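Look for chain A in each of the two complexes below; its partner is chain B in the first and chain C in the second.
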Partner chain A sequence: MAHTEWKDAPGLPDFSLLKRLARDQLIFLLEQLPGKKDLFIDADLMSPLDRIANVTILKQHEVDKLYKVELKPIFVLMFTDLVNADKVAGRFRRYKIIFTPQKFYACETVLEEQGVYGDVTTDEWNFYILPLDDDILSLELPEFFRDNFLEGDQRWVTTAGSALRLLQSVYGSFSKVYGIGRCAKMVYESWRELMEDGEQRTRQPEFAKVFLVDRDVDFVTPLCSQVVYEGLVDDLFRIKCGSVEFGPDVTSSDKSIKVMLNSQDKVFSEIRNEHFSNVFGFLSQKAKNLQTAYDKRRGMDIQQMKAFVADELKGLKQEHRLLSLHIGASESMMKKKTKQDFQELLKTEHSLLEGFEIRECITYIEEHINRQVSMIDSLRLLCLLSITENGLLSKDYRSLKAQYLQSYGIEHLLTFANLRQLGLLEEQQAGETLTVMESKVGKLVNDKTVGKLTDAFSSLAKKSNFRALSKRLALVPKSGEEYDLRVPRDMAYVFSGAYIPLSCKLIEQVLERDGWTGMEEVTRMLNGQEFAVTEARSKTDAQRIVLVMFLGGCTFSEISALRFLGKERGCRFIVVTTAITNSSRLLEALLDNSA
Partner chain B sequence: MTRAKPEDDEYWNSSKFKAFTFDDEDDEFSQLKESKRAVNSILVDEDEDDVERVSWSGEPVGSISWSVKETASSIRSGSEQSFPKIDTTPSLSKQGSGYSLSSLFKEKFRSLQDKLLLLDEAVAVYDGNVITAVSQILFRELMARDVALRHYVHYLKEMGEQKLLVELLKALGRTEDMALMHYKEHLNIKDEGRRRDFLKSCLSLPFSQDDATHVQDHYTLLERQIIIEASDKKADAEIFKKFPRKASILNMPIITTLYYSCFYHYGESEGTFSSPSNIRKTFRISEKQYILTALGARAKLKSWFDVDSLFNTKNWLGYTKKKSPIGFHRVVDILHKNSAPVQVLQEYVNLIDDPDLKLSGALKYKCHDVVINTYRDLKDRQQLIVYREKLERDSPEYRKIQELLNNVQIRWKN
Partner chain C sequence: MAGILYLMAFVLQKESQKADEYLREIKEQSLLSEAVRQCVEAAGHEHEPETQKTLLRRHFTYRRNDNTHWFTPSLSQLLSLNFPPEQFVSMCRDLRVLNAVRDYTVGIPLTHTQFKQMTVQVLIDRLVYRKLYPLAIEVCRYLKTPEYQGVSRVLKHWACYKVQQKEESDEVIAKAVSVKLADAAGISYSEIATKAYESGRTELAIKLLEFEPRSGEQVPLLLKMKKSPLALSKAIESGDTDLVYTVVMYLKNELNRGDFFMMLRNQPVALSLYKQFCKHQEQDTLKDLFNQDDDHEELGNFYVKASYKDQRLEARVALLQSAVDEYYKAKNDFSAKTTEDEMRLLRFQRKLEEEKGEQLVGFSLHDTMTTLLSVGLHKHAEQLYKDFRVPDKRFWWLKLKALAEKEDWEELEKFGKTKKSPIGYLPFVEVCIKHHNKYEAKKYVSKVTPEQKVKAHLAVGDMEGAAEAAIERRNESEISTVLSRCSATTDHLLMERLNRAKATAVKK
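And then the complex of A and B:
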């Protein structure tokens, strides 16, 4: 297989330290209220909490009963009801609300307004980073995307900055920081400010380079269907906090099972980055090897059998179990995808990426909508069309929007408003149309002010020209050339050879040039906001580990692409993300069709 | 102890790698099935004591989610004080709140409004100096406020302060946003009658032209759905007894409503709200949309005759011919999904224009005659021989191929 461990890979830092830090802090907070406690946990926190401090540890610190709470952001109402219910029942209890990763102004205001501010103590549990795997760190903040990019709410900027500060304090200073995007810049500045407040550390850094990138620098990649194994599992089964639930169709029994998916699963770690077409072959081969290993038993005597059972059998059984699971998952994926005419869908996506036969693509999308195939997928295709084509023709926009609303519900006009605001799905402007006021003012004021005024008036959306970018960065390999997926030659393999993820390509180029020199054209097309700062010198080995921080989410396809890039360049990438994302999560965050 | 099965050995020795597509059911999928069988045939008789302990719900024992479920089930058994009920109405009570944050912002925005007014007047009289002076300050204020504004709007959204939000947007001149925000409220109204009335009240809001039409449609749709629902709930007609309704039609999208109508009210006159033709006309549904939807509904009911009529058009000479705004391969697909018999499938496969699509369709849906005829027309002897092997020895199709192969008049290309 192409992607097993390579010999001189730089060692990865030990991220379990972060887990221990978080756990210790939580325990400290719990011990502030000595005695038996009932713990109410926000539903979104359950999985991350489980990775940090399991039930045993909680029980050790006098946690009695555990409850799940599903009512964010009106949890405070529930809390108020609880306090009042206790009062009525004559029950006396002390209350503490632990906000994580930090407390916001709004929280206190609500407590105040509800008149329970005096009854409760509040604390912060600075649980910033959850290691999902050896090379993936997550802030578990899926709301980051919508809050920051749609609502323009910058509340999470300091959170991201704090996460960087935490990494720096535990693993040493960064020597170089690169970035692109408005939020990236703010996070960098926030981090710098936080660093100025704290002490200077002189320990040797474990990773020297950091790359910050906004999700909205590259919307195309998360909108594409994923075809690497881990990406497919995420698209079809939803991986949550590094684990996934496989239903009866995968386990071939009447039970579901929840499994951790990380490098500890030896079978998974070998197929996770592989293009799906290679997975079958690999699993078959492994099954064959497994059979051979089992068959060894037939020729054994008692002594040998004993040794076999003692040493090898457990490992083989483990492997057997994992193998069945992944074969079951692959089978299930095949069935689902064949049912959905996946092949035709991919063909349309590839055409859009290439800019080829766009009319046919539009017809395909129209039929997809008319047949009510899938609300999210239809939307996804519309957005992909819009971004790659720099907006839809007015007549197409209106017609497709109308048909979408007819197929999936008129309330989606709210969703369309959101998508337009983000620049994900919009009409082509016939030249830049300025308002009357802008044009009048423009004649009387200098250019700089006009530019800033236009920015101030316009939405958060950016205009970027995907086709020009794609050409300039060679993101779409020439069609007609054979692409051997068994021996991938570049990152495009994560999309079957059709497209190199823009975000990863940018990272590759910047690292190669040690900055943005020579990329002025590209950064202009991405609306600027790029930066490269040298903070300090660092020892050579640290140069080989690069931290990439995605603000707004990162997909498994991008992670696989970066792992591939790392091997090519002789370095390792650590991916830090505000959350793992994919096309479904991205679009679901922008839906406004329910109360 | 199990022995490796002989067919497994054969399989391992002969497997070959081919380029992968998701449509290759025969090859890759069966390869995978083989692997699965092979894996499962290995030692299932060992005891499972080393397998990770998993509870009945699939949660690992000892995890927090498992523990929470345990707590929940013990509560249900009545042994613990039950968790207080929560009133889920989203708006907060407004008593005693200082609205300190809101009043602060109200102040600032009042002055912003003043400045905007000043600017407008200056623009109206083309007073360059004033515009420059004001806009320099304005730009700074706007930049600062732009961010603050967004934060405040988001805060209001989170707190569910609908009325305040609408007012604010109005004050800022963001009329379309305001209209959308107001319209969004309909999602919180559960009762369909009240929701319909609310939608009616939205009609006068300053939507964009397109959105205004959509909201009008939304109102009309719900109004009609209420009427249809009232009448259909009684389920008098035969069809409702044969195919009982699975859900109410209220708040379903237009296309779903059309499907429902094609299913339960097909052929009704245009005069009734429940008829497909009425829905089609009222909501300006295209031919493509209509045919796709009607096809799905009639195919589900196995009304092949109705399906047929959908595609019949008379050309100018008066002959009936079949036409479709959607490719016939698509039609075949839908028919297949509704378990249409092979004769029906075959008829439509024959209508597929593109020869490649036609052949692949015929092969996929086992329309033997079409396959045979295509290969015959292509004069492809080899493929006919290959295909023959897939058929029953004594079937008419098998014999047909035999006859063709024996026909000396055909000049085969291979």
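And then the complex of A and C:
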């Protein structure tokens, strides 16, 4: 069940270097204010900061008290109050605001407007990348998705460019860059510009190919329910910054336990990429093995026992602890997920992906909304329906929306406006006029031109074209064939064999072709904006390490799929993402009741 | 000693034996190297090139002697040990520069000490002040000053001077500057352009800025020159959001509101950035922006959002009314109707809150009905159901859940009989089981449709019923489901029957 380690896979670069760089810079900034100091930290920054420099390190550099600050836009205002209160009280302190990953001009404007600009010094902590695991690097910018794709605010583009430059300066330059999407293109340009400004370093590159992909190229994948262990843990318990908090129902005690989930965890690293249905069997086998290992004690003489306690016992204990945690977690998953409703939910999703029995699906979604099963899940199904069907029929669109508003309140009118803007939930109207237009034009000119016109129209209508894409790229395997999830055939295993993630399929195809040639139709359906640039030639092992950057977040399922692809092709993928996402995070970012 | 050596040189030049004598004298005092050093230095202090040459030649004198073993070995060893050539070389270079600037056409009579004191940088500065650009460049090249501090700096000064020459036309100057500066590294065109602007040549400044490769550098000057539209587009071109912000904020204070909005309108990137800013800082400005664009859809959304920030009901309804008007203008009937419904709902909730004291305002329609049912206000719930055209299915689900929650089984049974359930009766069974009431659940099993019979029986734990239903329907998967639920305690006969039925079902 555990996959044999691929024979000639290249080793991964050491990313702990990035952590050390960030830590050193932070310490340097702290040391610039000598003496005791209080530190106020944005709540969102707490977990990433903890991964870089824990409390002990901060204390060593004379940080006296730590305060957590919730509510982002208020931060500067709260700061103003603090300064003014001190002034009134006649207290003298020095203030410094450290912005991370970079300082924006707007921040200074606000400070100026509040009249405290002269009282503070500001600085930047260029903490761009947090390595979450051996092959996952995160920019920890969950706001990237909404800011960039919904609000049209491109401030994070430079940040992403800077992150790439950082990687390049530490790990050597890339020989080939591929990308698709508007944002990807902008990030690439920003990165190029940064490189021209900075000094050039020529060293042996540790990875040679980069693939940049916009989240809005593929919305289908993050909207599907995850069924791979790591993804499922994320969906159910929410992995935050590489660690998860298992509640009492998992730990079978009365307190919660925080666990780091990465390749250091021997048990987890073996099951993280597995389809959920296999996990339980694997864990019980593992438990048996563990028991055997424990049983070795019997019949040992004193000397052997001593060796056993010294060498093995600690490891076994550790493994035992982890194993019981993961068993607890999968039990709690089983309880939630093997229930009838989850099976039906999955069935509906698969039907939508296949474009099969759509009426039944709509009825199911209606019931889902009417019963107030889950606000986010209902929304997710609606979006999935719209994308896979190229928009909803006018009648359905209105009735489903009305029902949703009845269930969850009128403020979701704004949510729907957002979803429409992103093309996640739309009304089918261009489609009808399109066919009319087509038939009219068809009488006048020959077929080939009609084809071209249709393409032009459909790109105007910003259609998702999922069905056509799925056919061309064979994303949905033929139904009726048994899919053995224990021996995955292709990347579709991450969705129970029902669907190959579009984003990963694109990456596979482009790497195989070494560019976009032969995929013109596909890129046209994805609204173009693809590019492939050769920067330099290199013929090293590094060729087989591919950096994939997701702009707007990526899911654990996609990471699992890429790991699988790497294994098949004897290469390795490193995922750089603006943040780890899943369906809930994606949709929550588009709700509009908070901001 | 240097004096003696100097003398010796003269003698040597004349190939005289006397030289040896002089040398020996120096050697006796073991000070030859010192003497050589002094010679080189003396050359530095000499203003007459011929004398400099003589003094410097001493250096070679001893070296040549050294090579030919003209002297006793001990002396030559002494000599070879001590005298590095660098000093000599650099002195030669310095002297050359000094001689050049001492020329009467230049007229900077510097001593070597003065020169060392004030450094090359300052010398170049002085040349630049005297507008002796070609000489300055030659000096830089000759002394191999790094380009950034040397040639480029001089060129920049030249260009700054050039742009102030009033008699030449903009085109000519711009061309001359670009040709000269083309391959010099680290030139900041924006600085030159600033100079041009300061001497009143705005057009030239703009032309020069075109040569600036970093668009970010162009922006501050463009702003200064009040070329704000150009500044804005350059900022956007640079791809640096921060810069765009800078310009936008500057423009906001500089222009009147109307002009400012008009300018943003033509720059979508800047506009969306500014909208972001307004969302956090100035809500009202946002409204004005939408107003200007006649974006009724967004205005409607804006009012809806605002209505949720306001606590007072009157204000909320008023805001929603504005939203309705905007939605109609935007021809978005759906949103307008929904918003009208919401206003009706709010009024209804308020009325009931006053009458019955139930907390209702702000709930969604669904939640309102649930609350009403749970406190037994069935009539009012029914009224909502009719007034808001709630789909039957939703209402049934809702009432079913609410009644079960209250464990009001009697009412539930009555409700189940009012008419044929649009959601079927399986949910009735399931809901009862969920609340651990098997007795009530069984009442509904018979009403369930044939397709759901097996499920219903299984839900209430009636294995026999389930088996009957499954066998009757001859459905293989259903039979299997029932079988899988059988345990050791189940009747063996039943299991046999099931297995047989399964076999025949498979055969079919």
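Here, the second predicted complex is superposed on the first by the 554 of 595 C-alpha atoms of A that agree within 3 Å, B and C clash if a C-alpha of one lies under 4 Å from a C-alpha of the other, contacts with A are read in each partner's own complex, and residues count from 1 in each chain.
As a convention for this text, a residue touches a chain if its C-beta (ideal position, glycine included) is under 8 Å from a C-beta of that chain, and two chains touch if they have at least 3 such contacts.
A quick note: this is a predicted structure, and the numbers were derived from the prediction, not measured.
Engineer: Should chain B and chain C be called a clash or a fit once both complexes are overlaid on chain A?
Structural biologist: Because the two structures are overlaid on the shared chain, the partners are seen to clash.
Engineer: Examine A:Phe280 and indicate which partner it touches, taking first as chain B and second as chain C; both and neither are also allowed.
Structural biologist: first
Engineer: For A:Glu151 in the superposed arrangement: first (chain B), second (chain C), both or neither?
Structural biologist: A:Glu151: touches chain B and chain C.
Engineer: Given the touch rule stated above, what does A:Arg524 touch, chain B (first), chain C (second), both, or neither?
Structural biologist: neither
Engineer: Which partner does A:Arg398 contact after superposing on A: first (chain B), second (chain C), both, neither?
Structural biologist: In the superposition, A:Arg398 touches chain B and chain C alike.
Engineer: Regarding the shared-chain residue A:Ser256, is it in contact with chain B (first), chain C (second), both, or neither?
Structural biologist: The first partner, chain B, only.
Engineer: After superposition on the shared chain, which partner residues are touched by A:Arg93: those of chain B (first), chain C (second), both, or neither?
Structural biologist: Touch partners of A:Arg93: none, neither chain B nor chain C.
Engineer: Looking at the overlay, what does A:Arg321 touch: chain B (first), chain C (second), both, or neither?
Structural biologist: After superposition on chain A, A:Arg321 lies in contact with chain B alone.
Engineer: If we overlay the two complexes on their shared chain A, which of chain B and chain C does A:Leu414 touch? Say first, second, both or neither.
Structural biologist: both
Engineer: Report the partner of chain A that touches more of its residues: chain B or chain C.
Structural biologist: Larger number of chain A residues touched: B.
Engineer: Can A:Ser190 be said to touch chain B (first), chain C (second), both, or neither?
Structural biologist: Only chain C; A:Ser190 stays clear of chain B.
Engineer: Shared contact residues on chain A, chain B side and chain C side combined as an intersection?
Structural biologist: On chain A, the residues that contact chain B in one structure and chain C in the other are 73, 106, 109-110, 147, 151-155, 366-367, 370-372, 398, 401-403, 405-411, 413-414, 417, 592-593, 595.
Engineer: In their shared complex, at which residues does chain A touch chain B?
Structural biologist: 41, 46-47, 49-50, 54-56, 58, 65-68, 71, 73-74, 77-78, 81-82, 85, 89, 106, 109-110, 112-115, 147, 151-155, 245, 255-258, 276-277, 280-281, 283-284, 287-288, 290-291, 294-295, 297-298, 313-314, 317-318, 320-321, 323-324, 327-328, 330-331, 334, 337-338, 342-343, 346, 366-367, 370-372, 398, 401-403, 405-411, 413-414, 417, 437, 440-441, 444-445, 449, 452-453, 456, 485-486, 592-595
Engineer: Under the stated contact criterion, what part of chain B meets chain A in this complex?
Structural biologist: Of all residues in chain B, those touching chain A are 1, 4, 8, 12, 15, 17, 19-23, 25, 28-29, 31-36, 38-40, 42-43, 46, 50-51, 54, 56-60, 62-68, 71-72, 80-81, 83-88, 90, 92-93, 96-97, 101, 119-120, 123, 126, 128, 131-132, 135-136, 139, 142-143, 146-147, 150-151, 153-155, 157-159, 177, 180, 183-184, 186-188, 210-211, 214-215, 217-218, 221, 251, 253-256, 283, 285-286, 288-289, 292-293, 296, 326, 330.
Engineer: So in the complex, which bits of chain A are touching chain C?
Structural biologist: So the residues of chain A in touch with chain C come to 73, 104-106, 109-110, 147, 151-155, 157-158, 186, 189-190, 193, 366-367, 370-372, 398, 401-403, 405-411, 413-414, 417, 592-593, 595.
Engineer: Sort out for me which residues of chain C touch chain A in the complex.
Structural biologist: For this pair, the touching residues of chain C are 239-243, 245-246, 249, 268-269, 272-273, 275-277, 279-281, 297, 301, 304-305, 308, 334-335, 338-339, 341-342, 362-367, 388, 390-391, 393-394, 397-398, 401, 423.
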